[in-house]
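Below is one structure, written out as structure tokens, with a few remarks after it.
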């Protein structure tokens, strides 16, 4: 039985994680923290949550709880996550970090996009970027896993086969992404008010302005020797959850659609959580929400490869993928606790 | 041309009022206030708003603006509204108050439900309760109009004919009401976050706990010599706007449905903004939203009279009814600026 | 391993049932029928469904499939369900019927409300009305279970403790119910078009007109020696799933709220799927959707008992309750396959 | 007073048209047809519609109604529209056609995309493509106006300034468009059922498969001497109305964003129904729904010009633009009846 601690259990991601771990047959939640809600129960915030008591994060130190856990999940804001990771690793507790702190490998890029110096730059190179499907050899026993961002997950899973084939591509790749509102977090804000979102649809941070852009381009560089640049356009959808990315990849040479389809079929043939759709079908939110599945479709239009990719932003894009990572780190069945 | 000032123009009600007055052929907006947004334009907040500059409410005094207006609309919190009304009346400016400050006639009841003493109790008896359909004789020339609350409007318009007939009724009348989210205001709150409201439906303050209860019972007492008590159960609907009330009135004696229908038909035959539906039809939000219309249906089941009543909470339940009042106060066509 | 057949697998209820049975550790789906979609797979209709082949219902007879199953679930229209139940029982296969065919005990009442004579009146008395919480002694080994309707489930679970106490009550009890759209079925209809439902809210069949009324009154009569009459007002909510009923029970004598709370606490103390909420809380859809839970609240206002009751119409109101019944019929853990 | 006839008044577009014409001070609706609903009133279908009687379209011929109207609006399926247009023109009645029949100029292209030969190919060249902003000289007195499709309107208004500048562009231009459900029409279909659309988001006919593609490319060819090809990806949004297109235009040479902004500002400076947004703002559905406005934004990212464009599909994308055309055809104020 893995002993688990959760930092930041009251956000949407933290709650989703509690739900998954409650179903998981090999884990036990030892503690769950919330600075704002310490002293109450998670069930007071989410009506279907189990009665998990919420403690102040400082009480993990004060109460000697580090020695009671094997692994902690960090559902914390950036910077706070890194500081907590340092403590956990000091106590030999493994870390699955759902924040952005250990996704980037370059401290300067981090500083530029997050507006402050990285709190623990020495750890940046040690983390495993937990896109499980492509790091199954690196995850077992890993001390620090950076769970990919929600948009990057939807886009990178769609791009990997074509990038890894290393064929010549033009710039830019365009990823036109649409996300449900839970991706913006649980804190009340004007632009998340029901009346503002309902019946509306809004682009934001489009072009090269969103923090997930450098994360995606970094990984593209791992897979392709001369990666194209990226245009990434997020939009806010009037739904509670789910991301659909429509991606346009400009090929330099003409290829057959069947050849590209074969790349994808080969890559994802045995993946429990990636569903590559038959020709003529497109991914929709309905393929993915409430599951850890990523659905991907492909269509070639002249020399433009059009991909659609759908995930649940809170599951495959956050808590589900985090548990998938944990399963591989500790040698559990990768599917345990997850719906595919 | 009526010169109009608006206090509190950036809430949902204030914005709706600006839209209606912009269409109105006999009004000119002289100023619009917003303490938080002073210095900007309403169009920076609402993408389809006209370019109305927002001034600090203190600048109405400082800038000598009272002498430039004939009437002010108060879209302010309670207490703040009363304080502003005192100033306006002092300057001989007429007041259409959309807050709760002048709806109740009893200062003790006000203090009990609003948690503080009334700021201007001497004015309470002078206000006209602006349910236009039933105060057309009192409104012309009125100095201070209290625009009815949104729930009270939907419930009272449905109850008036049966109450005014003064037949014997049992207690309690039950009003099971459902409101869209704009009724809760524009300020971001956890329970108004898109993710909390979407796919959900929630009762709140049910029974005899909501502040609109004493307002409704007060008016019931004007219309019936021995009014029943009220059970009033509001619910939050996952829609941006609209109220539907389903109302159950227990009759003491058996009557024919046709006789009751005649009461309603007679009362509302010539009303431009009340639509009494034919037998077999029920009011829905679709009958009322985006208009100043109240749709009402009636069905008799044994000795229980079942009424349904639908309005747009921001129009007939607030800004539209306020303009309807203004039209009658100043002798304009009652329908000017309004869609029926 | 229980061998299961499903008649009518492509409706919302049938699909929900497949999902639950796929999770269930003691069942195996032997066949699933669909007259319209025979020859295709359930996954072609629902993107997250397992690859269950759909067969024509006539092929159950023709293919000798009756001998391969222990139990069948009937997600069929009324009349068709009864005809299939007769066949199943003839083959000694147990029947869990989700239609309305075996809920009523009186053939005349059935004929009046469903517009045709009952196809198998001799079986009406043999069925068990599967509101599991109150028939745990009758279900084991039952041959024919009538799964309660969705609205009746939400209303009856809320009423049982107060009715079973047999205290004097006035008439009518009023149940103001609100249901998500899946309750109206999957067949496309004008009033179920997204544009008609979205931003709208509509009463329908209110008073004493809905087919669930005689079902509810029948069961009220089992629990109370002089049951009140019922006013039942359904409304269509713009959400995909969930029912919330707000119920008003007129008591004849004054009682203490704590005394009534004790009745409910006692009744539901150990129920895995009924959550009685603490004072001051109300049931919301969020308490119940995507689970087999019924959440109930209670508040006494003078002599009116106000109950709120929330379920997922497709789970506790249909497929989940059906599996709960099956579990008890066959001696499995009552919670198997279900989320509470 | 213009005498107007409407063919196909009960669809979403027809109803929107009735609403606009009811507000219009220079028009009178002489007849409105509906083959399916002849004999009833529009108010029986739409609860806020005026009491317009619906007649069978054949009764226009039989009843000699052609001589009573100056202009007819055709809200009919393709082919049916062309046949009706022929009749109208024969009676010297002007035609504003909201179908696709007279948008394309090439009968072969029409036959390929619509699956049948054009019913009146001799009229194809005579129609004016009614994107009012760019045909104000051709519209006055026009006999036959083809109102642009909803997606083409949103895309073409965004593309016109950059195309008309005739600078060198690469292929393809990518238009990633998202539409509310009313764009799919009022006829009930499985994929338009509330439960299917709600909480979902779906691409369809993406790439070069949608019938609006040849229409858009045709007009691009009028504006640019070597127009790029188009990739056009429609998606279904869970909202009742509105289209947002995010458009990516690959420039061949580097330019300054301010230079491109000037093109747009110049083009749209005095347009009553096009709002070009300041730098840093993006178009959202909230800018456009319930009005005849098209909101457009621009951002240059390297050599990719990113445009966002929002309209109400039923107004600027259909009925509103049709009335705008009519106003110019007959010399009325272009804004009459319309909200900008």
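Lettered A, B, C and D in written order, each chain numbered from 1.
Here is the rule we use: a contact is a pair of C-beta atoms (placed from the backbone, for glycine too) under 8 Å apart; a residue touches a chain by one contact, two chains touch by 3 or more.
Bear in mind the structure is a predicted one, so any value in this text is a computation, not a measurement.
Asker: Count how many hops through touching chains it takes, at the least, to reach subunit D starting from subunit B.
Answerer: 1
Asker: Could you tell me which chain lies farthest from subunit D when each chain's centre is the average position of its Cα atoms?
Answerer: Farthest by centroid: C.
Asker: Does A-C or A-D have the larger number of C-beta pairs in contact?
Answerer: A-D
Asker: Averaging only over C-alpha atoms, locate the centres of subunit A and subunit D and give their separation in whole Å.
Answerer: Whole-Å distance between the two chain centres: 40.
Asker: Approximately how many whole Å separate the CA-defined centres of subunit C and subunit D?
Answerer: 47
Asker: How many angstrom between the C-alpha centroids of subunit C and subunit A?
Answerer: Taking the mean C-alpha position of each chain, the two centres sit 38 Å apart.
Asker: Scan subunit A for residues touching two or more other chains and write them down.
Answerer: In subunit A, residues 196, 198-199, 238-241, 284, 286 touch at least two other chains, as defined above.
Asker: Quick one: which bits of subunit B touch subunit D in the complex? Just the residue numbers, please.
Answerer: 47-48, 198-199, 284, 286-287, 290-291, 293, 295
Asker: Name, in rising order, each residue of subunit C that touches subunit D in their complex.
Answerer: Its residues touching subunit D are 12, 181-182, 186, 188-190, 192-199, 238-241.
Asker: Which part of subunit C faces subunit B closely enough to touch in the complex?
Answerer: Counting only subunit C, the residues touching subunit B are 172, 174, 176, 178, 196, 199-204, 206-208, 229, 231, 233, 235, 237-242, 244, 246, 248, 282-286, 289, 299, 301-302, 304, 306, 308.
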